[in-house]
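Below are structures written as structure tokens.
The same subunit A turns up in both complexes below, where it pairs with subunit B and then with subunit C.
Moving on, here comes the complex of A and B:
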């Protein structure tokens, strides 16, 4: 939130008859701290629709179990959370149980928010009370039977959820512990980057090693040297989170949204803590695969397709162009276990994130009209096995899923 | 054909008034963009999908005539297959039913002045109308002056002689057809079909590009710009690709 918006929010809070705490100086501090908690938790990422009123309900989220629509969390009494109490809010954040005992689905990352200390949750509540109420009735639960039965989540919580606050590791630095808290707690990185069990809970043994997500692949963000962020320096990681762009790549898709709404607004200290923590997570790719031979037919076709379609921007040797066209050589993004995001880039195209520091938004054009599924698969196989990369070949079936 | 006229005060004023009136509904407003640049998923402007079989404009008799003309302008030889073998007639046929053939991107309302040669074609007639009228006039002239034969039935030397006379304006094709202008259109469209991207129906297998060593639809040569005196190593590529993409050539 920029200062002007924040002042407006404060002014609105002072004028609103429901704002019982108006005029309380401590309360102003709490609201300011709460606004930052909303940044850390990226509430707007889900609860604000593209172009919609802030926190008044988000764009539908496709889960493996069906569709959920993030509800209106403005203080509107009829359609928002204006009739909730602080206790209701604490319970929703830490136990997944909302007003009137309604069970939340864990697409709302309460297993992560449960690690937040109560004062932070209370600050966030104070901030949410200052948002302009918006009347927008959201029917959150679009799931098919039987997942539409909210009380099923009682059983899910027993299986998948242990509500407990963050436990610092005394052997690690304060910065590392802050990073661990942010990643595991409010920033809920694992919601996208951790593979899920068949019940949709985090597969704890594979934390942050990459996962499928709404037609994208959220990449490995452990310190794994070939598929994770191990080859990025702490400064490069911070630059990526702060601006969406570093010397290696440019954020797009769901991560672009998370950067625009959340990480680009975090303090440099918090971003440094996140980077410090991520860079200590054990490598997940024990065995580095051998690249395919250049004589492989897919590699030969892919080389021809690459030079004709990709090399003008990404370079004859995959070197890219700093801050404008991502490098493909020795790229952990290129070497991910799952090529869904890569295939999406080629077939559908994508636009880089817009942040104040990096406003250019370079875009990848859609090549789906020019390359058929086999050609997309071959060029990706070539890129994934050239210039220091080594990864499994891409099949036309992976590409076909991205066509309409 | 049009009658040459000269501008009058009344005509200039009425034209100015018409232009002013007609510009109002089509006004394009500038718009301000802030934040990310506009961008759409799946956005692309590919060439129209080529219809491979059949004729969409020419009759079968016209196809015979046009094929005979095109194959004299670009005969099969050591450098390339003939124009028609390279799909030039297909290219022209598809162009005649498109924006070019219909002059849909040209202003073709009056007044019509007799322009200078440098001012280009000055007539409401579309290229499609000119091809149709020109081919018919040529066949009438050939039938009347070459013992009732059709153009395609002439010997190669006879065809060349007729075409040279048409090009030089020595033949009066009648029916208001300007022989020189018709030949210029035929030659222009033939060259376009031979050298344009195969996506438009001609230049089959990129034959003309291979003949010239033209690399096709590429736009970055940084890896080669310093290699003076060396042959550019890559084969041509069309908007629709090249055989190597699909393993047709390994």
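Moving on, here comes the complex of A and C:
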């Protein structure tokens, strides 16, 4: 039992005299298991605002259709889900229909949660009931007309959502199946990493190959060796999910939030299962692109900018520094199809994730004030085509779009 | 009327090296700790952007990270016979400001003092007789080198110090400092790679029978993860250490070694841009109730606390004690009083060798990258036939070749114009400097008190500094300068220029930010302000941590010892004080 689970168990035991049924120990176990389901589902990632009370409503989420604010899911009767029943909760998790028949938007990843077995959902419900109720009225639906009409989701569900439980693949190991369940189910990796159709549903044929996300690019996490996680060992993948740092890279941005709130709290077994599954996904290798010639004007310009601005930390050959400065050489992160995240790093900067195991939180400083769009584009083109990397050149337009 | 805030277990005044170490240790012990910092919040990510961290004009010339006199200055004079006047600009020394304190913009030379330094008075009396002391009022610290070993070890591990051990468990190691006290283990990181000037210096010194070794450095020779799990980078030899924050996490500071962990602790809080006016005592003057501070809006707050730790810059610790009525202010006329005595500094001198074609490339540098000779430091050599005590480390540590301030020219060069430019171009890469970092030993006339005339923006009296170099120290410095000139003369240069230390301290020329003493530690409550655990003799729930505790200053940079004293105080609080809070740890 981890410490958090233990504390919850104690809290539940303390409540025992008021519990209506005899199975106090069972109830404590259920709450502990439910707390772990909340970790797997990363409920806090969306429903807790930075610095805010746990589960009392999150930071706004910008979708292509408009803004949604994750609601208060504490047991407060007026502003939370205190007047929901277990059936309401099951329905929300598996059908996207909440209390009083209200239709949820799939930013709440019920298409993923629908794969969860009912006992796990019931455990999660038991846990949510133990959270301190917080009065915080969240107006979740900030979408413009017509998307603001929730009943539109009836049609969306018909097109994009078939509720069905997770189906194990008997040909694969139990570990692989556990990983597949976590990735497709509660951990809802595809919510960020899978490209979306024009209706906002998952583009199933391109699952986990990378997608645009609130001014970031959620990278390819299939096993593709040049752009995915194929070149990382299972241990390196587990280390990344457990600590945010693995000698190749350091998480920042939305993935830092997912690591801090969710994956860093998962069991090593579950992380190993996720890694095992991801490493079997996708093409063994797409056609490997040829790097641009060093004589290309953008490469020459980019090389000069790199020496002056980047090499002190990332090294003369993009080797980086363990735990501190991500390596840029032979990096799938650098070689993503979309350079939005890279441009963001240079123009705006970013800070690494904080986990107990890797507390440093090194930062990439903003260089947008001293490098213009062409300079950012060329240095990224240089990095994307040096030291084992090969990827499409970056245009000033990509940088300008991000800056705006 | 100050508004009263909720009580804290511990309030720390100043979040630099000492404050951060104590905050980390005491939050680990489960205490609820608040740090109040006069200056702004600063961290690497936000404030030391690699794109402008090396802005010489902003940081070195305009001193962006330093304490400004408008915030706090002090009055200075060379003797009690003079009228002290306020420094309108800091120059001779440059106190820090903001989170990280002076530990943000230090060079990184990280020394252990020796047992003979901690027993300065006893050592001199035992070895040479009491008459050797003359007018010196040097004192013992109340600790031994062995007492301090584990605290030094912890600070060096925290900061990732790079160096070559000279004495591990009594075994002298080749390439290290043979004069150092035994240490339990090697430095956490190997020494930095040397540049041309220190190599030339070391070769010359070694040929003369001296014992050069790499200066122990808080600029890291390789990537490192410290015991808190915090990662640091390898120094890039950019040459922007002193006066600058480090942009790539390779110079140890509170920012790079402690704060990433400390700031995430739920039982720690820092309030920046808030200046503590004084420690509030109860009517008996033997118990601190908390501190009073002013925030940026001018609002005054009373912060109650069970334990008050003064961890500001040493000089400011002393002034806060005086303003709070902790202890009695030292009067040199009667030699009575505990606070303000034994103010010491550093007695430095230098020598420059000009070559014709050395190509030293001085821009490849770091704050502590170089070689040191300790043969003439402290009591490493016999003073029987000499007319002084103390000594100096001789350091060839070329810290920078920065464009605005580094343009060495030999005497006789025009101060401007075409010939000056020609001389700068000729000498920029051909001037090799090294210096003596000399001990500063206490005398009765060098002391700190409150100025009778001048006040700060809150109406509080400024501190008054009365200081000149002791005659003993001038004789010591001259003798070491003779030795430096001998080394310089054998280097094969075209010209040697010596800059000797003279009597008459000049506050308008930068010399050293190694101000020590004023709230010294010791075993005699009548002659020291704090006991050997840094606890106030007069107000036992106040600890005063910093170079203010040094009874005199050896010929070494103080930061290593400041860090070690912070660990020592933290241990004493955790292991002894908390069992009997409010009680003295030492009974005289």
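Criterion: the second predicted complex is superposed on the first by the 380 of 404 C-alpha atoms of A that agree within 3 Å, B and C clash if a C-alpha of one lies under 4 Å from a C-alpha of the other, contacts with A are read in each partner's own complex, and residues count from 1 in each chain.
As a working rule, a residue touches a chain if its C-beta (ideal position, glycine included) is under 8 Å from a C-beta of that chain, and two chains touch if they have at least 3 such contacts.
Worth saying up front: this structure is predicted, and the values here are computed from it rather than measured.
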item	value
Three-chain arrangement built on subunit A, subunit B and subunit C clash or fit	clash
Subunit B versus subunit C as contact partner of A:357, first or second or both or neither	second
First (subunit B), second (subunit C), both or neither touched by A:374	first
First, second, both or neither for A:305, with subunit B first and subunit C second	first
First, second, both or neither for A:322, with subunit B first and subunit C second	second
Partner chain in contact with A:348 - subunit B first, subunit C second, else both or neither	first
Listed stretches 135-143, 441-449 or 459-467 of subunit C, narrowed to the one that overlaps subunit B	459-467
Subunit C-contacting residues of subunit A that also contact subunit B	312-313, 349, 351, 354, 359, 361, 363, 365-367, 369-370
Footprint of subunit A on subunit B - complex, ascending	35-37, 39, 41-44, 46, 217-220, 222-223, 234, 237, 239-242, 244-247, 250
Touching residues on subunit A, where the partner in the complex is subunit B	297, 300-301, 304-305, 307-308, 311-313, 316, 348-351, 354, 359, 361, 363, 365-371, 374-375, 378
Interfacial residue positions of subunit C with respect to subunit A in the complex	44-46, 49-51, 223, 225, 228-234, 236, 238, 247-249, 260-261, 264
Subunit C-touching residues of subunit A, taken from the complex the two chains share	309, 312-313, 321-325, 349, 351, 354, 356-363, 365-367, 369-370
